[in-house]
Every structure is written in structure tokens, then in C-alpha cells.
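For reference, chains read A, B, C and D in written order, and residue numbers begin at 1 within each chain.
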Amino acid sequence: MRYNWGTDRLAAFSDGVFAIAITLLILEIDVPDSSFDNLWKGILDQWPSYLAYVTSFLTIGATWLHHHLVFRQIAWANSALLRLNILLLMLVSFLPFPTKLMAKALTQTDTAERVAVFFYGVVLLTISATMALIWHQAVASDQLKPEVTATEITTINRLTRPFVALNVLVISSAFVVPKAAVFGYLLIAAMALLRRHHPQQSEADPH
Amino acid sequence: MRYNWGTDRLAAFSDGVFAIAITLLILEIDVPDSSFDNLWKGILDQWPSYLAYVTSFLTIGATWLHHHLVFRQIAWANSALLRLNILLLMLVSFLPFPTKLMAKALTQTDTAERVAVFFYGVVLLTISATMALIWHQAVASDQLKPEVTATEITTINRLTRPFVALNVLVISSAFVVPKAAVFGYLLIAAMALLRRHHPQQSEADPH
Amino acid sequence: MRYNWGTDRLAAFSDGVFAIAITLLILEIDVPDSSFDNLWKGILDQWPSYLAYVTSFLTIGATWLHHHLVFRQIAWANSALLRLNILLLMLVSFLPFPTKLMAKALTQTDTAERVAVFFYGVVLLTISATMALIWHQAVASDQLKPEVTATEITTINRLTRPFVALNVLVISSAFVVPKAAVFGYLLIAAMALLRRHHPQQSEADPH
Amino acid sequence: MRYNWGTDRLAAFSDGVFAIAITLLILEIDVPDSSFDNLWKGILDQWPSYLAYVTSFLTIGATWLHHHLVFRQIAWANSALLRLNILLLMLVSFLPFPTKLMAKALTQTDTAERVAVFFYGVVLLTISATMALIWHQAVASDQLKPEVTATEITTINRLTRPFVALNVLVISSAFVVPKAAVFGYLLIAAMALLRRHHPQQSEADPH
């Protein structure tokens, strides 16, 4: 049991990083002092910040959900998994920076907007690719719990892989229709949260 | 047991977000360098920041308490509950922004003050409504633990629902008497913390 | 068991707040851009920030240690204890603000220095008084675990009460010798950490 | 069992501090508003921030990994271990400050660069030395779990001690080739993460 390390404490440490990264996002939102003369307008003018906030919040939330789903199937973690997990956490912790950049750029010049939306998308893509890689690695190295069924493996494949492709699709539109691409990222995150994650829900009542 | 997920790790992740959001509130309080010539006055002049800090701290504290109370009764979490919980966490994480806005606006023009106090109240309202919805959803979808009694359901109904109505009441006064409304929010949070949460306290000693 | 709530999750939530407050302290330390021409001097000039950082870090660390010691003896938490605990967490979360104030004031005018050191001390005093009150309340309301001995109660009395008196002593010197008072706070925190917390260490090997 | 404290909650509290310190690092990265006219260049110009971010992230990640490895072997914590652990957490929490300093200095004068890289290295050195000391102390005071083998002790010795020497080596190059020294720190952190941590991997399958 002492050697079977990683899945419990690894998950707890990862949860901590997810929870902190998701909560730090708010620190970037502010209304400039000059807008207090017309505060309604000042609050509404921050819409790019809210859009970026909600998109990043849902993305980290969905990543946390998938992380859980994946790690619940894993019996033990080898070094490759540990390193991939560190990479994932580094990318998730990094997300507040492109989020802030995109929020600022959406009220700036067209070029800045395109660059910021593209840069943000690339970070999202690497996050979803790393998550898919973690699951692939766990399956390929036979680190799953013995009771995990082929159906469950397929379910999680369907939850992790398509998001890599979807992100590529939306990123490629970032230079043409940057604002639409942001809503594309939001939609991807919402889909990742709204998809059915529980194979058991089609089964009998778990009571 | 593997499918019965969500309540343990969901609660742990939520606890993390609550703990971080409540602790980040302090970052917004500062005394301007120009006030160091008369630091007593400088410290006292920040009273709107302290008022906003205590109100938001007690609000998040009370929300955490209710969250616990609710999730202790829940046997398993379905997708709807997961999504409502993500929404709740997003709103709680968002609270530092209207808190900062309100603290700044309380020393600004009358109009800014009214707008900021109203905006803050709307966020409080959505938090209390989401919490009430989570409990409603859990009861309606029969996700409670089998040993939860009707008395306990009623107790938690009484802890979650009235705060929605109270928030509506105080928000509606924000445009008339904004400063009084802030104390109203503080009072609501204090009440939420001070109400009796333990049906067992009227019973025999739990030892 | 379901009613015996609070001690586990309360401790976990409190741990989260302690861990975050202690880690946020570093955000206040910075070297002004103008000091990069002579960075050694620029780094050394920040000594008030380091002093304030270490003092607050050790204070929160010692408070966490005492919190643990106290909550390990408690079987169940009533509402009074819950509220006192929320108050303690609010004060600990507040500490980064007077810490920043004191760090800034130590390089400012004499008056600002005295006020900031006094204000900081008052927050420390309320923290230690709240901690002593939590322990007093738990003992008085008979919420301790049955196996807690009178010796253990005395040990914890000795760990919590004297710090209230020590803080009063040091605060009263803040207006006369403010810089010495800061070292007094540091000494109190170091003592709180270095005192013997383990009655069992005088007993047989715990293996 | 009540006396056997510290290893569980100590590890949980330490995990919290590690997770927060590692996530706060991102707050220091920003693109100045003036760079939004040419945002690609603005993003690329921040390379010292990314380099410092990745180095500190991997360093804290590796320290967390070693901390876990060490504390999994420890049966109970005495006061010396508690205090060394507080010191370790204080140093890890302090790391965002020299990280920010180094990121800024890498685009400044030569002298500032050397000083900042040296200062950063000294903090890394004290972190690795404190970690080695914690392990040394645990072994010397016979606080290990009875089932820990001599092989495991040797494995952990090899994981903690060399990093002290490696840090001394790289620091001593900071005044001659500061930029190379930064990559040296990065290499050390990567090595600490990539080394084999699992003596069991050479044994039979842990299933």
C-alpha cells in the first residue's frame, strides 16, 4: 500500500492547484477609477473580462472534472504519469496570464485581439492534449484499476480526445473571427461540463 | 462505491475554492501612501473596505456552512448537481470583484455608491438562489442519504430559502439608502451564521 | 456520527485558510524598479518587509499549530465554537493588511511607524485572545473527547493564555520603542512555535 | 494514535502551502500595455518571466515530490521536525519574490542580473538544504516507520543530498555566466523531477 502512492495525494495536490488557479482568475478584473462617474457603463465595459473569466473558469472546472474521472480509474501512478500531471498543472496555473491578456486585447486593436485569442487557444489546446495524453498513458501502461471496463475506457476516450480536435478547429478561426473564437472556447468548456460523465447513470440506481 | 462519486471530492474541491475566495478578499484593502503622514486617519478612512471585507467574509463563511450542511445529506451527485455546484463556485469566486467595487464606491459619488451596492446585492442574491436551488434539486431528484428525516429537510429549507427573499428586500433598498443596504447585507450574513444549524442540539448529548 | 460534524471538515477548511493566508504574505514584498541600478542595496533596503514577513509567517504558523492542538482534543463543535472559529479565520486572513502597513511604515516617519506597529499588535492580540477563548469555550461546554486528561488541559492552557498577556506587554511598548516591539512580536511567535507541544514526548516512545 | 500527530495533517497543511505557492507564481507575469501594438513581440519579450516561472514551478513541484517521499517514511513528527518543516514552507512561500526579481533583472543591467540570479540561487540552496536536513533529522531521531528498509533510506539520501551540492555549483557560476546559471537551476529542478523515485518499480508489479 505504501508503494501505491500518488493517486490519493497526487489528486489532493492537483485539486489544490485547480482550486487556486480557478479562484485567482477574479484578481484580474477591475473597473478603472475614471469609470466611477458612470459606474453602470464602467461595469458593462468590462464585458471582455467577464467573458474571459467565465471561459477560463469553465475550462478549469471541466479539466478538474476530467482529471477526477481519469484518476478515479487509475490504481497507481508511475513516473511518466507524475510528470505529465506536473505539466498539466503548470499549464492550468499558467492560464490566468493568457486570460488577462485576452480580456485586455478584446478592447484593443484588431491585431492584438487576434494574437491574444490565438495565444489563449494554444494554451487551451495544450491543456486538453496533455489531459488526453495522461489518459492514453494510463491505459497504455496498464495502470488502471482491475475493475475498469472497456466501456468505461471508451467513455473517457470520448470525453478527452474530441476536445483536442475542437480546440484546433476554434484556434484556426482565431485570426479570421477572433470574437467568435472566444465564444467557441466558451462553448467547448460548457460542452465538456455538460456532457454525460457518468456511465452509471444509464444503469440501476446506485443506492 | 466508485460511482458514488462527487460528494467527497466535490466537497473537498468546493472547500478549497471557498477557502481561497474568503482569503483573497484581504488583497483589496490598502492604505494609500499619501495617508502615512496621518496614519490613524488613513487607517480609519478605510472603513468602507473593512465593512465590505467583513460582509463578504461572513457571506462566504455562511455559504460554506450551508454548503456543508447540504452536502452532508447528499448520498451521490448527479450531473445537474455538479453543474449547479460549478455555478455556485463561480459566483463565490466572483464576489471579491463586487466587494472591491463597493468598497471603492462608498467613498465616491452618490450614484456610483447606489450602483455598486445594487450590483453587489445582485451577486449575493444569485449566490443564495443557487444554494437554494442545489438543495431543491437534491431533494427533488432523491439524491439524499436514506437516513435523512423530513425534519432535517425542513430545517435546511428554512436555512436556505429565506435568504433569497431577504436579499431581494435589501437590494430593493439599495437605490434609496445604499449605506443602510450594506449593513443589511452584513446582517443577513450574520444571521445565516448565527441561526441554529444543528437539529441535534435539541436532542440528547451526541457523545 | 453525522451530527458529530465540524471537527473534521472545520479543521480542513481552517487549514485551507491558514495555508492561503500564510502564502499570500509574500505578494506584498517588492523591490522598486528604481533600485535595480544597485540591486544589493535594493534587496537589503527591504528588510522591514522581511521582518514583517517572518513575524507574520511564524505567527500564522504558531496559530495553526495551536489550532490543531486544540481541535484534536475536541469531540464535537457547537455553534459558539463554529462562530469563534469563523472570527479567528477572519482575523488571520486580515493579518496580511497590517503586515503590509507595518512593513511600509518602518521606513516612514516616526509617528506612522508607532501607529502601524501598534495596529499590527492589536490584531495579534485579538488573534491570541480568540484562540484562548476557543479553548476556554470548548473546555467550559464539555466538548472535549472523553480521553483528554486534566494534564493535557493544563498543557494547552499554558500554550494559549500567556500569549494574550505577552502581546499586551509588547503592544504597550509600541509607542515608546516601535522597532523593538516588532522584534517582540517575532519573539512571541518564535516562542509559540518552540515551546513543547507534546506532553507525550516525556512519556514512552509512541511507536 | 492521538499522539502520533503531525504526519497526516502536517502533510495536508504543507500540501496546501506548496499548491498555493506554485499557483501564485503566475501573478507576476504581465505584458505592459504599451506592448499591445505589437503583441507577438510583447508576448515573446516576456521570455525571462516564462523561464523564471517554469524554473520555480518545477522546483516547487520537485520539492513537493521529495516532501511526500520523505513524509511517507515518517511514523511520527517531533518538535524539531515540525520546526524544520515550518522553515521549509517559509522558504518555499518566499520563492515567488526572488522569482519576480530574477525575471525583471534578466532584462536589466548586467550587475542587476548577476545579483538577482545569485539571490534566487541562494533561496533554492536553502530550500534543498532544509529538505536534506529534514530527512537527516528523521533518520537520526529514529522517527521512520518500522518497515522502512536501508535501501529506501539510501534511495532518499540520493534524492535529497546531491541537490545541495548541485545548487552550490550553479550559484558559484551566477556571477560569471548569469543566464547559463538560470538554465542550470532549471536543469536541477527537471532532474529532481525526472529521477527515479520509486524503488518499487524495479520490483514486481504492485498490483
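FYI, a residue touches a chain if its C-beta (ideal position, glycine included) is under 8 Å from a C-beta of that chain, and two chains touch if they have at least 3 such contacts.
Values in this document were obtained by computation on a predicted structure and should not be read as measured data.
Chains that touch both subunit B and subunit C: there are none.
Counting every residue number used by either copy at the subunit A-subunit D contact, under half are found in both chains. When subunit A is fitted to subunit B on its Cα atoms, the angle of the rotation, on a 0 to 180 scale and to the nearest 5, is 90 degrees. Of all chains, the one whose CA centroid is most distant from that of subunit D is B.
Inter-chain spacing, taken between the CA centroids of subunit A and subunit D, is 26 Å.
Averaged C-alpha coordinates give centres for subunit B and subunit D that are 36 Å from one another. For subunit D, the set of residues touching two or more other chains reads 12, 16, 20, 24, 27. Taken pair by pair, the chains that touch are A-B, A-D, B-C, C-D. Residues of subunit B that touch subunit C in their complex: 11-12, 15-16, 18-20, 22-27, 29-31, 33, 36-37, 39-40, 43, 53-54, 57-58, 61, 64-65, 68, 72, 147, 193-194, 196-198, 200-201, 206-207. Per the touch definition, subunit C reaches subunit B in the complex via residues 2-5, 9, 12-13, 16-17, 20-21, 24, 27, 75-76, 78-79, 82-83, 86, 89-90, 93-94, 96-97, 100-101, 104-105, 108-109, 111-112, 115-116, 119, 146.
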